[in-house]
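These notes open a run of structures that come right after.
Same chain, two partners: subunit A is paired with subunit B first, then with subunit C.
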Partner chain A sequence: MKGIAWGLKSLRRHRLRTALSLAGIAVAAAMLLDMVMLSGGIDKSFTDLLLGRGYQIRLTPKGTLPFDTEATMAGASGIVAALRRDPAIEAVGAVLGTSLYGRTADSLVTLFGYGIEPDAQSLYQLASGRDLTPGDSSGVVLSEPAARFLGAAVGDTVTLVGRLDPQTVTAGVGRRLVVRGVVRWLYDYRGQPSVGTVLPLMQRLARQPSADRASVILVKVREDAAVPGLAARLRARFPQIEVNSVAELVAHFRERLVYFRQLAYILGSMSLIVAVLLIGTLLTITVNERLGEIATLRAIGVSRATIVRQTLAEGTALTVVGSALGIMLGLFTARYLDAILTSFPGLPAAFSFFVPRADTLGFAALVLLVTGSLAGLYPAWLASRAPIAATLRAEAT
Partner chain B sequence: MIPPPLLARELRKDYPMNGETVHALRGVSLRVDAGDYVAIVGPSGSGKSTLLQLLGGIDAPSGGAVEILGTRLGSLSDRELTRLRLTRLGFIFQRFHLLPVLTARENVELPMAEAGVAGRERRARARELLAYVGLDHRADHRATQLSGGEMQRVAIARALANRPALLLADEPTGELDAATGHEILALFRQLNADGTTLVVVTHDERLAAEAGRIIHMLDGTIRD
Partner chain C sequence: MTLLREHLGFDSVPASVNLCALCGSVVIFSGMMPARTVARALLIGLTFAAPGTPAYAQLPAVAVERRLAEDLALRVGDTVRLGTAPDSMRALATVGAVYEPRPDPAQITKSERHMRMHLPDLAAILGAPDRVDRFGVGLVPGTPADSAVAALERTAFGYQAHASSAIASESSQTFIVVSRFHRAIAVITIVASAVFLLCIMLLKVEERRMDAAVMRFVGVRRRTIFGALLLEAALIAVAGSMLGTGLAFAAGAATNAYYRRFFDTALVFSLITPGIVFFSVALSLGLGLAAGAAAAWRLVHTRPMVLWGRR
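Presenting the complex of A and B:
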């Protein structure tokens, strides 16, 4: 029966107090975990999202980020052709994003349209049906919400209408298209009704001033290591265009969401402090209650080291159990909070604020374990320094 | 020549209290030989418990010296003194001071575990000691499930765990009723008959009467 086992048994002495302390530590640990997940999760999720199809560079109109505005680039096909000649580049795909309408029995529904190049598309994953093929000017792919809005399934025919004339409120170009497949658009927000056609068709539907326009051009580079150099080279070659690697886009994104990270650090630190205070307070109370017992143990020859080990063991046990509960609670609350945050307009549904990763969980657990154990240092010191004779005299009276 | 288990010379202990110095012990000398059974008696405040704490190395004297088996306590570091208390001395307190979360056996094992005795050996010795104090059937009961007399018997078994050269007891029957106190008295008699050297501080006339030698204390001095 050495210090550690004895320390663990001591926690059973005041079960309700221990349980309440564990609950407090679990809440603090959950909050710390969530904040650690939040601080690193945004970057990770955004990077994963952008690299989902392996395209490492985006070309967009000057001063914009992909799909940030409705701005488009002229001469898209020329740029694409030039890029395809570059030996460092594996694939290039131009995309046009625009608003359009779908005709239902008695009305028009607003849709978001993507014009894509099927042999180099990086915006969706096929869920059912089949993919578009290059030159397929009579086919369309729909997102699940768009299919629902239009009441269409794979093989059905839908009517898409280009921009309305703002003066006459009459439809522009209209096309009847066959639904080839239902797809999951990577960058759509939750419930976004999106449709995709081959790029030339979408350019006609969008009635752009010049037909050869694109919102973004995506570039897949053969070697990841070549990305920064190629991005710099493209920037010099196309000064009228914004060139961003995924790393640079993540940096832009990080700047925009810097307050999230600051909030995460502050709340994370606060929860850590709360956990430390809880453990320290509980152990200090426990040690003060047991001073007589500790003095007796010292009197019969139990060393200061054993007393310290016993107190630290109690703190560590509280931390370990509290952290384990906190991790479970943190993962649960992260899912809930993620659902709230990702429902904000304009955020891709596939995006996640809280990304549970082994290294994140490990880091949070390690920080808690170290600080929780350190929280026991003062009570342990207090316990080991209890004056034996004076305490026994006080106990006897 | 084998040194005596206990030798105290000119022990003094002063306490500061409310700006004044209280002289709790005023030059106490004492020798206890192996196999002795010594009772220290005296009124409250006479200094007998303070003397016991100094003899046990729990407190440091203001003057004088204590030797346990020839080792002068004042020359030891805190760690060495703690080790000496663990291996050479056994303590019995008025309020037993068992660990409530541990069983009777675990309480007895505790000093042996601290001394580094192997698990199997200490479990066997704990069983043996609990049988000696008549509590083998209560070995796996928590301290809180035991009566006062049983707790004191467990405390005695704990004090004997590391085969001490000297057993120091501070009012061992002070918290017990007459009948239970009588059982402890018998146990002390048996302990001494089995060769244990005992120094007992007590108010209990019956317990003192059992001792081979009675030391009367008054105002921090020995009066006999």
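Presenting the complex of A and C:
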């Protein structure tokens, strides 16, 4: 205990250098925390987004990801019926995504349309009004931006048109629909004007009215443990279709954002190095300055272990206080950095790059604490090995 | 296309028009699977490699992106089967060329593979004759793009005209976001470096307290000691800046080598310009000198006996 108290007193004696060191460690710790949050946050956020409604498998046209292209699968209802007969599957929902238009007083607005099966939908949460029901061929749900563009509220009638000929500005098909509710689409980017109808109606509004096509089929499996096996089974059963579990989609998404993960690792490592250098340099110089004092303590019988504890205590105290400050600073800067990155065009509004989690914070703090304490090892060794007689003689002269 | 050409011919816009709708393109999305597997299963089926076979001499020619050619082991003269879906691979074509696409930062994280073909051939495969996604219009030098856009918009053909600069601005949004993120990270890094530098300089100068005390005892003026300490700080700052610049070039070269190999592209990922070097060196020199000056000022204004450790 004596050594620790001496270490803390030594820090108090040099307030300016201690304050500067704490500031340096805090900034480095903040950067480390941000980078740890970034490296794990992408996966966590994307997984949460995909598993929001519990559907663990996606079927898409071969070689594509959900809504990555305009490609669609033919014979959707047959595939859905076949999947529903599988005892391992709890629910199946087909979705068609397509561009269409909404008619306003004097013009057309471009919308994104989702054709869904209301009894097995996992794409939106109801914000107001009521949900679509199976077979509701006269109802539509709107996102808030779509409601704003169309000037429509729950209970109003809107006109959707599809298969527009751009040269004559005439629609191949149009329907007047009643707004049942306003919803929040989980995968929409910020401000995306989206509408949803039952699947057959959206298929008629889209380009291929007779082909029974879908962009993605979502599958909810009864047991999470059965997902990999079922995905493999579906892959063999439907070789012309891409089958992906959420884990596989996350792996693919991780590939696309590999740059950010690597940047996080590099900057996180650099932050750690800066913190270690700062603590190591500070303690080494402090020990060199106090060699006389240390030699005197050793001469009057203070053990080497006490001297080592004193030096290590200084490093640990700097690390603990600096890390605590750094965590607060890191959480603040993470919000700022997240606001920048989530403004990527086309990114789902619900997505987040920096996800604060207890395990993330704990990991960053532990890594800092361990490395910060280890940074004091060399100065502690120097202090414990100081030659007593020679140092005292040098001090006296 | 004819209408557009005629329209611009009769309009007041002093432009000669070059309608760039000569080539269409097919995009192959390789998704999660190896491109070779997907592409074979998806849009291209390699039928056989028989360059110059008379029966296929009249087949349409396609130009294949180098990476796609490598994935499918395609060579000029090979015959491929094309379609819009795995169950509609009915069209045959020959590989007329293998091309290296222009490096595009927007494409590097995507696993798309491209091929180019003549517009009528693509239209035939898509079953959409005489339809295009867009026209490119070249204006004669000196013609303002905005007025040409306005003139085209007035014709109300049912299309939207955009100036290239507007499209470039819109499509570069991703890179603007990345650039903002890099700037924010740079600010945090600079703050961390500045604090580190201040701390090191302070410690470095404080290490000289005994020397400063002795110099004061023997009558050396404060100004001389301050100058000596500042010179030392300046030398350290210069040496550190040079070392840092060297490290930056080495790290930049390593970054470029790694990511060029990783993404199989000729793009430059790390670009160190003279402006960046100047800014970084000026900043580190300025911070180093300021920190050294502050620490030296503090030292020369401390009483010699305190510096000597006797009070």
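Points worth noting:
Quick note on the criterion: the second predicted complex is superposed on the first by the 390 of 397 C-alpha atoms of A that agree within 3 Å, B and C clash if a C-alpha of one lies under 4 Å from a C-alpha of the other, contacts with A are read in each partner's own complex, and residues count from 1 in each chain.
Here is the rule we go by: contacts are C-beta pairs under 8 Å (C-beta built on N, C-alpha and C of every residue); 3 or more make two chains touch, one makes a residue touch a chain.
Since this is a predicted model, take the numbers as computed values, not measurements.
In the superposition on chain A, A:306 makes contact with subunit B only, not with subunit C.
Legend: residue contacts after superposition of the two complexes on their common chain; A:24 is shown touching subunit C, with no touch to subunit B.
Once the two complexes are laid over each other on the shared chain, residue contacts for A:252 go to subunit C alone; subunit B is not touched. After overlaying the two complexes on the shared chain, residue contacts for A:119 are found with neither subunit B nor subunit C.
In the superposition on chain A, contact of A:70 is made with neither subunit B nor subunit C.
In the superposition on chain A, A:345 makes contact with subunit C only, while subunit B stays out of contact range. When the two structures are aligned on the shared chain, A:156 is found in touch with neither subunit B nor subunit C. Touching more residues of subunit A than its counterpart among subunit B and subunit C is C. With the contact threshold set out at the top, not one residue of subunit A is in contact with subunit B in one structure and with subunit C in the other.
For subunit B in complex with subunit A, the residues that touch the partner chain are 49, 53, 56, 58-59, 78-79, 82-87, 89-91, 93-95, 97, 99-102, 106, 109-111, 113-115, 158-159, 162, 170-171. Residues 16-17, 20-21, 23-24, 27-28, 30-31, 34, 61-65, 68-69, 71, 74, 165-169, 239-240, 242, 244, 248, 251-252, 255-259, 263, 267, 271, 274, 277-278, 281-282, 285, 288-289, 333, 336-337, 340-341, 343-345 of subunit A are the ones touching subunit C in the complex.
Put simply, subunit C touches subunit A in their complex at residues 27-33, 38-39, 41-42, 85-87, 109-110, 157-159, 173-174, 177, 180-181, 184-185, 188-189, 191-192, 195-196, 198-200, 202-203, 206-207, 259, 262. Across the complex, subunit A meets subunit B through its residues 1-2, 6, 9-10, 12-13, 292-293, 296-304, 306, 388-389, 392-393, 395-396.
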